[in-house]
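Would you mind keeping the following structure in view while I ask a few things?
Lettered A, B, C, D, E and F in written order, each chain numbered from 1.
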Amino acid sequence: MNKKIMDFRQRREKLNQIILDRDNVNIKRFFAIDTATYRGGALNAKTKELLGLVASTVLRCDDCITYHLDRCIEEKVSDDEFDEAMAIALIVGGSITIPHLRRAYELWTGGK
Amino acid sequence: MNKKIMDFRQRREKLNQIILDRDNVNIKRFFAIDTATYRGGALNAKTKELLGLVASTVLRCDDCITYHLDRCIEEKVSDDEFDEAMAIALIVGGSITIPHLRRAYELWTGGK
Amino acid sequence: MNKKIMDFRQRREKLNQIILDRDNVNIKRFFAIDTATYRGGALNAKTKELLGLVASTVLRCDDCITYHLDRCIEEKVSDDEFDEAMAIALIVGGSITIPHLRRAYELWTGGK
Amino acid sequence: MNKKIMDFRQRREKLNQIILDRDNVNIKRFFAIDTATYRGGALNAKTKELLGLVASTVLRCDDCITYHLDRCIEEKVSDDEFDEAMAIALIVGGSITIPHLRRAYELWTGGK
Amino acid sequence: MNKKIMDFRQRREKLNQIILDRDNVNIKRFFAIDTATYRGGALNAKTKELLGLVASTVLRCDDCITYHLDRCIEEKVSDDEFDEAMAIALIVGGSITIPHLRRAYELWTGGK
Amino acid sequence: MNKKIMDFRQRREKLNQIILDRDNVNIKRFFAIDTATYRGGALNAKTKELLGLVASTVLRCDDCITYHLDRCIEEKVSDDEFDEAMAIALIVGGSITIPHLRRAYELWTGGK
């Protein structure tokens, strides 16, 4: 597996634990909903991860993109599906998203 | 059909025409790509409209939401699929998106 | 009471009901946390409403500003406290927030 | 002159006065710098208004766009210059800015 | 003291000096207001730093979060107060703020 | 030439190539318009780069700022012109842009 993604997973896990250890009930419930929202339902998990990926890209958050990109690989999103999702993020969000596209494609092409 | 959506369509059409009549080549090419990006390919048109809907919601643009919501109705997105897409937009974008969710649901429930 | 705020309350209530009637579990849980987060705790309810007001202003959401401004009146925020919170929102968020400040002050000065 | 722009000017003036009457020193100083920043210097006033217009468009604030568009008319920005500035705002900010472009062009073409 | 915060302070100081040395009057006045706005008044300095912290978090700026977090430590914000402020930032700003929360909590828990 | 800018150019070039090699027609056309939009026309190339610089700063994208700053150097933007453009970005975008201003000035003063 891609080393950058593996490092991201470990750091994400560790820091999430620091937050959850604080034991603030509203933050913990937020994290629980966040996980639940991406479970397959009327829309399957793959479609939901693409929605998360595009939302993260137009909002320009590298860590969020990395997370959903990693999940997209797990959900067997194809190269063409990835491109078409990124094309929508690019047209909606504009050239200001291009640096994030660059880093996303670097991960995507290194991550297979 | 929902009157608000019909009014939106007409006003959108009229103002787009004003822009295109100016005949700026880069703006016209941008509009052309914008249309092309949502055509079905590796991802079908319905999935792409859901991507556009969620992107528009987290970026909090009412007109963009109205446009993609209208297209989602045409693409036969179900109530449950709409809810699950909105739930993702809400968890990603936070409570600041709620006023847009309110207006989206007003259109959605009046638009069927 | 200020008529604009009263109209806002009614419309907000009505549209929230439309959303909650859809009965999507993640959206409903999000709304529940949203309410719980502003309850007084280590920080009192007044301070939390000021935090909500400033967050809404720098993110430039009129409906969110109206809601927290209304709650600030209930929590007996003074004119000077309101001004100082708005001054922080203005310096952080820049002149792009000024149209929202205008509408906030229109409500605030008409709302007492 | 365009009626929408004239109404905007009057409402802007009136609400700015409400803010300034509160006499918060930091808000008043912010407003003073805001005015000073657009005065001609190494860059002339026309160029500065175009900078304000594009910044307002990518940040998607209708009132800010209206203000700078009005000032651009005063500074004798030509139709082609306006188009080229808008084309930059569109490519940087993406399709999410299009509803604002629509309203900007409606004002611009009605405002001459 | 936390090394990351100390490094941040030094780098911030050094680069601010580069900006101020350019001697642009409007930028210098902006910096002066920025400092003045957080001084205690009708709202005390601690509350103002919490406002700055939440505003920085929903706008997702790591350096701004670090600065206000550092000031919150100086103003003796408690762990529970910090959690409750972060919970508001999270609910308002959504999951897109979580990477910033992670880094903020890493600093906060290492910074005591 | 400034080493940071040179490294940025090389990395940008390399990653752009990864994106373009994917051969998605809409993404490729977007990149083509992006280049075309900044060519001199009714507004000259220098003014357009200043527009790109200010748009990038208020949207707070370091890579976009670096790119347009590099182009501004090529277009012979003077120190005073740079300061006045940055002053507009700062007043429009607020103190949340200051960390980006710091990094921009570090590049600018090291880049001459």
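Here, contacts are C-beta pairs under 8 Å (C-beta built on N, C-alpha and C of every residue); 3 or more make two chains touch, one makes a residue touch a chain.
The shown structure was predicted, so the numbers you read here are calculated from the model rather than taken from an experiment.
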Mutual neighbours - chains that touch subunit E and subunit F alike: A, B, C, D
Chain located farthest away, centre of subunit C as origin (C-alpha): F
Could you see whether B-F or C-F has the larger number of C-beta contact pairs? C-F
Just curious, how far off is subunit F from subunit A if you go by their C-alpha centres, in Å? 27
Subunit C and subunit E: spacing of chain centres that average the CA atoms, whole Å: 22
Touching two or more other chains - residues of subunit D: 26, 30, 33-34, 37, 55-56, 58-59, 64, 83-84, 87, 90-93, 95-96
Quick one: label the inter-chain contact graph as line, ring, star, complete or other. complete
For the subunit A and subunit D complex, residues of the former touching the latter: 58, 90-97
Seen from subunit F, its contact residues with subunit E in the complex are 60, 79, 83-84, 86-87, 90-91, 95-96, 98-99, 101-103, 105-106, 109
Hey, which residues of subunit F end up touching subunit A in the complex? 12, 15-16, 18-19, 22, 24, 26-27, 30, 34, 55-56, 59, 61-64
Contacting residues of subunit F [partner subunit B, same complex]: 25-26, 29-30, 33, 36-37
In the complex, go through subunit C and note every residue touching subunit E. 33-34, 37-38, 41-43, 47-48, 50-52, 54-56, 58-59, 64, 78, 80-81, 83-85, 87-89, 91-93
